[in-house]
Structures are given as C-alpha cells and as structure tokens.
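Please find one structure pasted underneath; my questions will follow.
Labels run A, B, C, D, E and F following the written order; every chain starts at residue 1.
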Amino acid sequence: MMPDLGKYADTVLSAYSASLLLLLALVVLTILRGRKVRREMETLESRVKRNG
Amino acid sequence: MSIWEYANPKKFLATTEKVMPALWVSSAVLIAAGLIWGFFFTPDDYRQGSTVKIIFLHVPSALMAINAWFMMLVTSLVWVIRRHHVSALAARAAAPVGIVMTVIALITGAIWGQPMWGTWWAWDPRLTSFLVLFLFYLGYIALWEAIDNPDTAADLTSILCLVGSVFAVLSRYAVNFWNQGLHQGASLSLDKKENVADAFSNPLYVCMAGFVLLFIALVFYRTGTEIRARRIKALMARERLEA
Amino acid sequence: MTLTVTDLSVARGGIPVLESVDFALDSGKALILRGPNGIGKTTLLRTVAGLQPPLKGRVEGAEDQIAYAAHSDGLKPTLTVAENLTFWASVFGRNGIEQALDGFDLQGLRDRQAGALSAGQKRRLGLSRMLVTGRPIWIMDEPTVSLDKSSVETFADVVRAHLGQGGSALIATHIDLGLEAEVMDVGPYKAKPHDIDDFDGGFL
Amino acid sequence: MTLTVTDLSVARGGIPVLESVDFALDSGKALILRGPNGIGKTTLLRTVAGLQPPLKGRVEGAEDQIAYAAHSDGLKPTLTVAENLTFWASVFGRNGIEQALDGFDLQGLRDRQAGALSAGQKRRLGLSRMLVTGRPIWIMDEPTVSLDKSSVETFADVVRAHLGQGGSALIATHIDLGLEAEVMDVGPYKAKPHDIDDFDGGFL
Amino acid sequence: MIALLMRDLKLAFRAGGGFGLGLAFFLIVTVMVPFSVGPQSELLARIAPGVLWLGALLACLLSLDRLLALDWEDGSLDLLATAPLPLESTVTIKALAHWITTGLPLVMAAPVLGLLLSLPVSGFLWLVVSLLLGTPALSVIGTFGAALTVGLKRGGLLMSLLVMPLYVPTLIFGSEVARRGAEGMTVQTPLLMLAGISAASIALLPFASAAVLRVNLR
Amino acid sequence: MIALLMRDLKLAFRAGGGFGLGLAFFLIVTVMVPFSVGPQSELLARIAPGVLWLGALLACLLSLDRLLALDWEDGSLDLLATAPLPLESTVTIKALAHWITTGLPLVMAAPVLGLLLSLPVSGFLWLVVSLLLGTPALSVIGTFGAALTVGLKRGGLLMSLLVMPLYVPTLIFGSEVARRGAEGMTVQTPLLMLAGISAASIALLPFASAAVLRVNLR
C-alpha cells in the first residue's frame, strides 16, 4: 500500500503532514467562525424583530 | 442583468449559499484525487528521488498565494472605483487564505530544500520574493484588524493593496538583480526543455484545479461571514440608536 | 454668501446619527446648535466643514469660506502664542496677528510657550485663531469649554463684531452665550432606525 | 475625616501661582473653587491630591482618602465602558460597578468601546469612575465640561448623594452646579511677585 | 495588581493594541539584513547570532514607547498614582506585561529566524537560552527609560537614545553567549554575567523607575 | 506652503522636537553592531555598507511616527484640511521637512560612521551618493505609511510593518550601490534603478498619501 519513499521518507511525509494540517486548520477555523457569526446574526435579528 | 447585482450583500449570500456544497465537495474530491494519484501512483524522479512528490502541494499553493493577492488587487480596485461593499469584504476574506497558501509554499519549499540544496533556506530570488509577499500579507491583515470603522478600513487597505502591488513587482525585479538563484525555472511553461515529465504533470494539474476550487469555496464562505459580521455591527448600532 | 444645508444626513462610525437637517445661514447671522450629549452635533459640524462626507444631502456655499474650531485647538506646545498665530495666519495667506491677540486679551501672554498655558488660556488662543483666518463662516464646537465668565463675554463680543462685519457663525454649545442668535435644537433630526429587512450596502 | 489645608503655596513650572491658601473641608461638605482662567486652580487641586509637592504649607487628612478627576479621564478607547470601570474598581480593591453605571445613566452604553463615545458621554464615564473608588474625598477639576444641562443635574445629584453618605468634594468650576456648597474665590491668594533682591533658593 | 496586569494584556491583545508588532519588527529587521549585506549564506551564518540579538533588542526598544506613554496621555498614570497601589509595583507589572507581550514572543520566534540566516544547528539552543535570560532585563531597563521620558511628547527616539547605552552590557554578554554557542565554544562565563545582570536589574531598577515616574508626574 | 515648512523645521529644532534623534539612533545602531557581531575588522568591513544602509533606514523609519501623528492629535491636521492648501502639498512638505531633519543629517554622518566600521576608502563616495539618492524615497514612502496609520493610537509599530516591505527595493538597490562601490565594481545599473525609484516615488506617492489622509480625517 504505502509507496517506498526511500531515504526521503521523512522529508516527504513531513511536507505532506504540515501542509495538510495547515489547510485543515484554515478550513476548520473558517467554518467555526462562520457558524458562530451566523448564529450571532440570527439571534440578533430575531431579537431586533421582536423589539419592533 | 449585470454582475454588479451580486454586489448586493443579500443577493450574494443567497447565491453563494446555493453553490457552496458543490464547491466544497468538488474541491475536496479534486485535491484528494490529485494528492493520492501523486503520492501513490507516480514514480520517483531519477535525481530527486521521492521528494518530487512535494511538488503536488508546493506548486499549487505557490500559485494560489500569488493569485490570491491578484484577486485582492482586483477587488480592491472595484471597491475604490465602484464602492461595492461585498468587493471590499471579499478582499478581506481572501487575505488569510492567501497568507496560509504562502506559508504552505514556504514550508514545503524549505522542507524540500533541505535534501536538494542542503539548506532549509537560501536567499534565492523566488524564495525571497515569497517572503516579501508574506510580509505584504501580514501588513495588509494587520491594517484591517487595527481599524474599527469598516469603511475606513476598506479604503485604507485597498489603497495599501494597490501601492503594495506596485512595490511587490518592483521588489521582484530588485531581488532578481540582487541574487542569482537556485530555484527551478517555470517548468510548466511552454519551454519544453525545462518541463516536468508528463508522469508528474497530470496529477499536478488535478491538484492545481482542486486548490483553485478550494480557494473559491473558502473566499465565498468567508465573504459571507464578513457580510454577516458587518450586519451584526450595523444591527447593534441600530439598537443603540433606539436606546 | 449664504451657507445652505439641504436634507443633510450625517453618520459617525458608519452609523447614521442625524437625518434630513435643513438650514440656511446668512451673513451677519449666527446659528446656535443645541441638543443632549451624543446626539450628533460634532458630527454635523464636521460634515458641514467638509471634514467628512455626508451620507446624503448637500452643503452649499462652504467651499473655502469656513474656519473650523474643534474640541482640540491645533496648538504646538513648544511654539509661543505669537508663533502659533503667525503660522495659522500665513497658512491662510494673511498676516497681522495683533487684532487677534487684542481680541482675546492675549497680548500679555504673547511670548509664552503655548504648552505653559492654563486650560482656559489655551482655549482663548485656539479661538483667536479664527480671527487670523479671514474666513467669513465660523464653525465652532463647544467654544467656551474651560472659559471663565468674563472670557465667555469677551468671546461673545468677538463673535458679535464678526457678525457685524458680515461674517456668520455656527456654534454648538451647552451654555448660554448671551448672543442674539437663532437657536436650533437638533434633537428632532435624530436618525430613525432603518427597516432591517432592506439588506443593502448599509447592511441593514 | 477633615481635609485641612494650611498656609499652602503652590507653583507651576517653578513659578509660584497661589500663596497661603487655607481651608478645611469637613465630611458631608463641598467646597467650590472659583477664579479666572490661569489663576492656579488646577495647580492647587493637583497639589492637594498629592500629585505635586507644595512650595510651602501642609495638606492634612488626604492620605489614601482622595479620588482625583482631572481634565483627562484615564479611559482606554479600546476597552468597553464596563471594562474600564471594572478595572478602576479593582485597582481600588472594590467590585461592583452597577451603582456607578446607574448613577451616570450609562447602562445603555455598557458594552460600547470608550473610544466610540461622544465628548459628553466620555466625561460621564470619567466621572462615574469616582463612584467605584470608594474614596471619601473627591477632587474634581472642571467636571462638567462638555456636559449638557440634564447631565449637569445628574452630576449634582450624585455629588449630593456622596455628601449625604459622609463624603466630601472639592470642585473647581466656572459654571453654577446648583449645589448647596461653600464657594471660595482663589483670586485673593494670587502669588505676589517677590522682591527681586531677595536672591535665595528660588532664584528670586 | 492582577487587575492591572490583566488590563495591560487585554489592551495589548485588542485590535491596535500592539501585540505581535514587536515580533513583526523582529522578523522584518532579520529579513532586511540579507538585503543590505548581501545573500551569501556563509557571511550570514557568521553574523546571525549578533543580528538576532540586535534585532530582538530593537524590537523591545520600539515597543517601549507605548508602555507608559499611553497611560500618561489619557491621564491614567495620574489616577494610578493616587490609587492604593505603590508605584513600584505598578512599574514592575508594566515591565512584566511588556515582557509577556514582547520578550516572550521574540524568544519563541528566534529559532525560526535563525533558519533564515543559516544559523549553525549548534547555535539554536544557546540563542534561545540567552534570549530567555536577557529579554527580562531588556524589559526592566526599558521601563526605566520609558519612565524617564514619559512626560515628553513623542519621547520615543529620545528614549531609545537613553536606553541604548544601558542595553550595552546585556547585549554584549547575550550575543557572546549566542555566538560562542554557535561556534561550539564554552558559554559559561558570559552566561553567568548575563544571568547576573538580569537578576540585578529586576531586583533594583523598579525603585529607580518609580522614583523617576514620581518626579515626572508632578 | 513655506510657512508650513518653516513651522515644521522650527518645531523639529525646538527642545524635544526630535531633530538629531534620528541621527543619534543611526549612531547607536552602528555602534552596537560590533558589540553584537564581534569586533573583527575584516568582517565589519564586509558588512559595513549594508549595516550603514540598514541603520539609516531604521533611523528614518523610527522618526516617521511623529511626522503626522502629532499634528493629528492636537487637531492641526483637521484645521490644515480646511485651510486653502491642498492636502497633496501638505504631505509633500511634511515629507520634505522629514528629509531635511532626518535624511540629510544621516547622509552627512554616514562617512564618519563608515570609519567606525572600517569601510574601505573606495566606498565612501558611493555610500554618500546612494544615501543622497535613496533617503528622499525613504521619506516619501514613509509619509505614506504615516498617513495610513495616523488615526491609530501609537500606530508606530504597525507603521513599521507596513512600510518595511515597501522599503525593500530602495534598500536593495541602495545597498547594492554602496557595496559595489566599496568593492570597486561598477555601480551603474543599481544606481539608475535607485534614482528611478526615488523619482517615481516622489512624483506619485504624495497623491496616495493625500488620499489616505483624507479617508483618515473623516
């Protein structure tokens, strides 16, 4: 399954893991903040509507 | 029916809401496919050994790092000229994505450099100009964060983006003049002599397409978030007026 | 030389504070703005003076006619009183600061550094700056802050003399200046909340 | 808990401005200082508050009893109203800012950043700081600058309540606060020019 | 006291509060060195420990001018002086907040920047150790400089001028430790001196700073 | 216009006005370099042109934050904006005043400091020429940065962050001229580029600065 990376295994694997980690972190943070802001906006909208 | 219609925040939210799932899925599929293809099913390079596999992350991220700045330049111009709020917010949304891409290109490059050039870092022009690009991103983001008033921030950051782009190009030339480099030439160019072998180029194209889609997805989503954040600010201000 | 403000809406920090303000200020007249703290007087004055763009509406007759006195006086603490005034006079292409010094009773402080003045003395110097601009329309934001009773009277005299020479003045203040001037309460112009479903560039 | 000032001479920038000031301030009482601009009220208050040393004379009963409100309010523009007050409360080892917020009608502005307040709102916040210190003697330098009429009344009410609880207040002001308090004109204490032959430590 | 520390940290982390800017300055100075002295990595490796120390010192220095001046301008210092907190603790806490928001991030960033300047592998450990020992001294000494110049409008540059000579011993011993470390030599003597300077500054300077501040307030 | 220039110069020369402080900073940075990288004169000679350019650049940068911020804080900028002077000339004059009080003294002091760092004799001429051509660009670019951050309390460090990358081309070509000069090589190409950057910045950037200032004033 795993291809033979030879003597550069560390190099290649660390490059892949660092990059994927960064990408994942970017996506996750983006979505978390998006959700939070969306929730805040909805509560605020309903409150404002209720108050007139 | 002009594209400026999408500059209305509500319309923008409604439209992107519809295409978001497709964007997420297709970018994930393309990136996964490209990386798996590249990682498991390409041969080692005769000179670089298995390190050549890093190219599937390195080149797409470098590409997007530059293109993200370019997109910010365009949206900043649109804001300066036509004053569409969504445009300014899109620039704001793209900057963190761009800086992460820059960091990925720098990190993968540094890791790749260790076995190939025997050093993590060299002051090669291409590497150096990427570092300068990183600094531009940093300054741009810091300026957005430092200013309260969103319209002021949009105006200032877009002028910074315009002036900064000119100076970024200038630095590219300066750096080229200052040091001859170690780095690869443009291997995907039409100049066949330098070109990467076909075995690598196809999965590379797939990865590049995936990164482009991921960038679009992230920017759409983040722009939506920025729009909502602006609306929260405006709503709170309105409440204040009533109080 | 009339300053006309038509249907003016002004915003602070991106938020509308006053809407549809209308007034005209003829030469020889003064207009006093009143209203509770935070209603938007400062914002209105800055917009009329051209320091910030209006949300809506127009300001006419202001171009190069206005001298503006804000909360802060634009004084350099290391320059003397006379040097400060001379600078502002020459920026406005004029010379002669004696009249300004006399007007606010500053002759005795003439060679004192501005940084070594008391709060009220600084304010008097800041106000005397209006006299060296040679501009006909004076816009002043709470000009009498820190002034004692007699200085307030001096100030009123100077404004009266300015009006007598065909100038005009727009003043925001909380106290009674003893000027014979029209008074406008800005309270009624307070911006009304927008309809929140109208989700446009203003994000409301 | 009486604040006693005996034969106090104060100087600003090395130059004596007021001489031989005497007064006593009992708890439950307020003393209002008046005098033309530049006479030395600010200097006197800073000396009494212990921020600068007197030239001569003594201030008794001030140690750790004084809360001082200067021209500037010590507000951080990036902290909210509540955060600003909470900070000052804990510096003085107390907690609970509700009463201060209520006193100056700031509940509605509680979560607003202090930098986004109008001049009068800032001033109200600065004054409400006095309430969270828990100190009995309030020393205030022109506290009502920028305040509108109704805020001045609120302020007077707060001071009255403070006096009622056994506190005292020393206030320099040019306007009429509507407080039932003793008024002291500092004019007569103006420092007389020394005899220039008397060439001593003061170089005069 | 904790309230003051918390407030200062909060202010630093708020938008425009200045957290991370010292770091950014450090980064930028380091990046600019190759632009100015040229890209040869053998030359860069030789000057790397010195450049990193100098960069850290400048970054500290530049973030000092907001340490007390902001509190002075808005009147907070006057009010703090009448508060029940002794001025000695106030300045100590301010120095601590400065170190947490500036010194500590510099220490953590230094190895990454060492990479950029081709610092030899053997040098990383001692670079970090020397910065960890030296930056607290930089903060405390800097607080003294800030207290000296607090009354002056934009005293920033004057303060740099006053503080720089005071920084000389710390800089000499600190960069000596880093340099010897990079060259594989023994670091004991300069390390002890550095530790001594730090300890003495932290113990004694706050009294001087408080005294100076008292003079400036009146 | 002349009144504004005169006032700015007068303010700079008054006590606490900041004249000479940029110079002092330049001096100190240069003096601290041997402390941090070690005293070998052959090494110092090699890095001398670069260090002098970097020092000059930092000195310029640090004196920028008082360029507009003081006028902003005391309300002068508001008043200047309502005066009959177009904002473009105001910022140009401010940049000029900055150059006269900071850039010019740096140019004149550089040869002396070159001596301290054992700069080769051949290097002095081109060092001075490159600084003379480059410092005006530094002032104009810096004015843009100062205008961007003028509304922020103590925007000093943020300003450094924004301005530094903009300084990169000037620094590269400037120090390249000085370096080549010191090594006796031909300097024509970088010299032309440096002159071009200076001329273009002076011609165009004031418009950007004025635009930014207008945004900040409202």
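One rule holds in what follows: contacts are C-beta pairs under 8 Å (C-beta built on N, C-alpha and C of every residue); 3 or more make two chains touch, one makes a residue touch a chain.
Which protein is which chain? UniProt says A = Heme exporter protein D; B = Heme exporter protein C; C, D = Cytochrome C biogenesis protein CcmA; E, F = Heme exporter protein B.
Everything numeric here is computed off the predicted structure, so don't read it as measured data.
One copy, chain E, sits rotated relative to the other, chain F; on C-alpha atoms the angle is 180 degrees to the nearest 5. Just count the C-beta contacts per chain pair and the biggest one is E-F.
Over half of the residue numbers at the chain C-chain D interface are used by both copies of the sequence. Each chain gets one centre point, the mean of its Cα atoms, and the points for chain A and chain C are 52 Å apart.
Centre-to-centre separation of chain B and chain F, using mean CA positions: 32 Å.
For the pair chain A and chain E, the distance between mean C-alpha positions equals 35 Å.
Shared interface positions of chain A, i.e. residues touching 2 or more other chains, are given as 45, 48. Looking at chain E, residues 15-16, 21, 24, 28, 35, 38, 153 sit in touch with two or more other chains.
Among all residues of chain D, those that touch two or more other chains are 71, 116. By the touch criterion stated above, chain C contacts chain B in their complex at residues 13-17, 190-194, 196, 199-204.
Chain C makes touch with chain D in their complex at residues 13, 35-38, 42, 71, 116-121, 123-124, 142, 145-151, 174-175. Within the complex formed with chain E, the chain B residues making contact are 110, 119-123, 128, 131-132, 135, 138, 142, 145-148, 178-179. On chain B, the positions that touch chain C within their shared complex are 8-10, 83-85, 148-151, 227, 230-231, 233-235, 237-238, 240-242. Note for the complex: chain A touches chain B at residues 3-9, 11-12, 14-16, 18-19, 22-23, 26-27, 30-31, 33-34, 37-38, 40-41, 44-45, 48, 51.
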